[in-house]
Amino acid sequence: MSEPAATERGTIGSPADAAAAAASPTGSPGAAGEAARRVRRHDPVPLAAAIGITVAGGLILAAMNGSYLGLTVTTGVGYAVVTVGMVLQLGYAKQLAFSQSVFMGVGAYGVGVLETKYGFNSLESLLAVIALAAVASLLIGAVVTRAPGLALALATLLLPLFIYQLATYSSYLGSFSGIDGVLPFWSGPDYESTLVRTGLISVLLLGLAAGLVLRVMRSGVGLQLMAMAEDERLGESLGVSLRQRRLEVFVVGSVLAAVGGAVLASAQGLVTPDVLSESAQITLLLMLFVAGRKSVAGAIIGAIVIEYLTTSTSFISTNLGIIEGIVLLVVLLVEPDGVAGAVDRLLGRRTDRWAASLRSWSAGRFRAGGGGNGARNAA
Amino acid sequence: MSSGAAALEVENVSVSYGKFVAVESVTFSVGAGECVAVIGPNGHGKSSMVTAVAGLVRRGGTVRVFGQTLPAGSSRAAVQAGLVLVPERRHLYPALTTRDNIMLGSYSRTRRLRARQAWDDVAGVIDMFPELARLLDQKAGTLSGGQQQMVALARAMAAQPKILLLDEPCLGLAEAVARRVYDWLGSMTATDMTILLVEENPAHAVLVADRVVRMYKGLVERPEGSAA
Amino acid sequence: MPGTQPDDVPAGGPGTSGPATGTVPVVLACYDVTKSYGGVVAVDSVSLEVPRRGLFGLCGFNGAGKSTLFNLLAGSVRADSGSVRIDGRDATGWSAMRRARSGVARTWQTVRLAHGRTAVDNVAAACLRDPGQWMLGSLWKPQAAPARERAWAALESLGVGDLGGRLVDGMTLEAQRLTELARALVSEPTVLLADEPASGLSAAQRTVLAEALTAISKDRAVVVVEHDLDMLTSISEHMWAMVEGRLAYSGDVETFRSSPVYAGLRGIERA
Amino acid sequence: MSQFLNLLAAGLTSGAIYGIFGACLAVWFRVCNVLNLAVGDFAMLGAIGTARLVQTDHLPFAAGIVVDLAAIGLIAWIFDRLVLHFALDRGAGAHGIVSVFFYTFGLSLILEGAAKAIFGTDVYAAPAIWSGPALAIADFHVQRAGVLVIALAIVSGLALWAYLRFTVSGRAASACGESVLGSRIVGIDSGLFRRRIFIVTAVLAALFGIVESPLTGFTYLSGPTISLIGVVAAGFAAFRRPGRAVVAGLAIGVAEAMLGGYVSTTYNDVLLYAALFGIIILRPEVLGLSAEPA
């Protein structure tokens, strides 16, 4: 069966070959094909990432020795757990849900309430919060993920608005002042050591989160997510259960957001309604987009660096909005895959994005304006 | 067909997307009233060349219409000079009615404010495509592929072109519909319309073309004068 | 359209249209399916049966309802009335996902590939051994490596094994179409519904595609929608033709060539 | 009864604001498939800018309005030239669903940050255009500014609807959103339409901010919430129909007021948002987004 096609190989490659070969650092197609054909059975990346993050993060926090900077980094790690979940949810699966700040609040308020009102210890409360977030996101997700893309976005944009108000009205949740006295993950003899130990646990949680997300993205399920993110009807026709995958992605994103919230509360020792607010959601989105919405490493670095910049430098924290806005626009215009995309490009791992427009033109399929959504000129 | 003064002159036109050169340097001309077909395999720059001539993508080189040089990258100037493109895959406005789709063809020269009046100016176009008369109030997106192609042609005619550029007008059409398109094209060659036709299938092209230009790897391979 | 009364339809069975199946079992069938969009009837009580093996052509004018019929068969659109059977089971209420898992694969008129990914990843997405695996399960049984191996094999069987590691974005249209074909075949479907697979391809490329389609129809059913009647009639064993939402012809290729529907599609006036 | 009427008047006033923002969003989305999440911030700048020009810089009220609106038009123009032009005309940067939300989201952040830096965190209100006590008919009271807002909303909603419905220019604008290439081949400059309508809707939103501000006052943070309700109102009009967006906005406003009057003054917003959330999730078809693909 391969015989007839083999003789026609010349017509298959034709002119885009030149572009692909020029753009692709892997060199000649034949050699690249042979090399890539050796499918690796075991994927070491997720485990290596998990261990690497835990060890490197632990060493860094230990070196900071409970200083104010250490607190900032630990808080950043909390945000990073959330943004790592967002890489899977928004970046990879393209699920337009803006509910992460709400689940961050579930995590933070969850540990706060359980520890201050019901005497849970920090491990119990963390596990309880994970279970709570899983159940809550299953229930909410079962309803929410049925809605088509833009409706989901619209609905989840409203969610932070009224959950925030509910929290501020609720005396049970401490109204505007929130809940004080959240336990650290692992207390030590003094403040500094407590902070370092809590930081170590936080970094471990981040490592686990990153490993989990990488493992999912690089698995067969990840391939299914890739197909359905490109085109839901395509995914369906390949036997992907859209409902199941949407729900799973929503739950993973939400549970990681809750874990991140628990880290924040434990590091700071308190919860305020701010974690639930729109501005928290905005900060999360910035952390994700600036560093690269498809890159786990980018999301972690983005979260920690932005958290550091917003808390440590007075110039930036006073002019936060303008700077965030400008940075976001520059990133979107110049390098949509964020800093991680720029790094990839510098290292030559990314092909020229013009290859995409070339393909559109040569295949003559610039979007036929079906419905007009996203109808744009390919040039 | 007489090929007197050149209606369309294309000189050293090049198109690139980033590092990739889609059209290297193309030079040819089309005489007034002539019908020239550009043939060649897919992905060798035919569409890029013709969309560049129509001012839709950035290009290098010169395009002259009846001696007047067109500014690069301005489709509006091209339309006003009488150069109108019927693009591959038609690019209609699916949520607008057939009537509006055709009426907007006259956009660059209409001085009317109200859509109804602007329509009255171009209603005559429908005579050329009688099958569209009963579809005027239907949304263009709900039409069949063949009907959509007719709307695309009618929209181009509403612009009162002097030079018509057609990019793969029969792609994805049933054979009888393709025949209908080519019958219409044949009737247009009998007028003084200048036509530049991009066609992947040489058998179709020779039905109407006075002359064939072949593009290969972004270059015009060998301009040949073959009578149809 | 002259002479296309439903009476012209040679029926393969009572109330159905399909090749004289004999002992070959039917894998995919629809009975009296109807679908209308806002008053316009796209598919009008069409019945047909697809046997286990062979290549079957479906032709008709643009807007005759061919793509809608494919959507109804593959489950991406629900019929207003009528029933669909897959392997003898009633599949009328099945989702597109369930039909795909039951062996109905399809391609579309326009290329649908995940951008920025390699051909092999695109193909591998279609061939997980356990497509309904829970996301948690993918943590200890990731499935990706065996799926990629099958994807390489599928690409090689179509003679485009060297494309596997390349990004789909830079490929030619033909390479993209062959990647899509590999993706449709890699799940070992019992039926392949190919919607205008040759659209936009040159004559030489069509030949390659036609040979590939013929080869894969040796051990499964392949239904091809195509406007190129020369190509379609040369590779098909059986032809269906749709006119204005109805099945206007069902029969062998020779009879089709002399039928009024064929003349109409070719734009030939009948004597 | 009079309570009902008073609530209705209050609801229509805030609803008019939501509705007109929804209309501004819808008409622009129709042209370029981008949601203007900064529409509330333009209103905020209109109100605060005018208040500042009149109260601190002692400009005459009319001059203050003109200067302020001109400045806002200029901001919109600059944003379009610097960002949207490259993103949408030149094909640079992020594509697809990202461009629907995030460019204007960035603008919104910048405008809020700038307003905070320039005007501080105080509450501002522009002077009333039509000053005087509330109009009263028996027990029924309605603020003069409210009457102006409702009237202006209805007039501009009708104007936008008629523009799209009857004029060649309106059809051309719709064509841009349907197919950029399709509009360019007939000589429609899609970038020009996007820019013009962006500026017009920004200035319109600012005008509404000025007219409405005597009622509620504005701070630098007032923008996002109104934008969001505007997005929801536009959402109920499939993001494309300004006339329907005004109606949806009025309905949301009335619902909010009624919830506040008859159910709970504390939880009225919570209930409103929850109800909108429920409608969107449970009956997404009311949005008119999920049309069957052709």
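Per-chain residue numbering starts at 1, and chain names A, B, C and D are given in the order in which the chains are listed.
In this section, a residue touches a chain if its C-beta (ideal position, glycine included) is under 8 Å from a C-beta of that chain, and two chains touch if they have at least 3 such contacts.
The model shown is predicted, which means the values in this text are computed figures rather than measured ones.
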Between the pairs A-D and A-C, the one where more C-beta pairs touch: A-C
Geometric centre: closest chain by C-alpha means: A
Inter-chain centre distance, chain B versus chain C - centres from mean C-alpha coordinates, in Å: 33
Centroid spacing, where centroids are CA-atom means, of chain A and chain C in whole angstrom: 38
Approximate Å spacing (C-alpha centroids) for the pair chain B, chain D: 41
Touching two or more other chains - residue numbers and ranges from chain C: 37, 172-174, 200, 202, 204-205
Multi-chain contact sites of chain A, meaning residues that touch two or more partners: 11, 14-16, 19, 23, 233, 355, 357-358, 362-366, 368-372, 377, 379
For chain B, residues that touch 2 or more chains besides their own: 41-43, 56, 90-95, 141-142, 171
For the chain B and chain D complex, residues of the former touching the latter: 54, 56, 75-76, 78-80, 84-87, 90-96, 100, 103-108, 110, 112-116, 118, 141-142, 155, 159
Contact set on chain D toward chain A in their complex: 33, 83, 86-89, 91-103, 105-114, 116-117, 177-182, 184, 224-225, 228, 231-232, 235, 239, 266-267, 269-270, 272-274, 276-277, 280-282, 284, 287, 289-291, 293-294
Contacting residues of chain A [partner chain C, same complex]: 1-6, 8-9, 11-17, 19-20, 23-24, 26, 29-30, 32-33, 35-37, 39-43, 212, 215-216, 218-224, 226-227, 229-231, 233-234, 236-242, 244-245, 248-249, 252, 351, 355-356, 358-359, 362-365, 368
Residue ranges of chain A touching chain D (in the complex, touch as defined): 94, 96, 143-144, 146-151, 153-155, 157-159, 161-162, 165-166, 169, 233, 278, 282, 285, 289, 318-326, 328-329, 332-334, 336, 357, 366, 368-379
Chain C partner contacts - residues on chain B that touch it in the complex: 41-43, 142-147, 171-180, 200-201
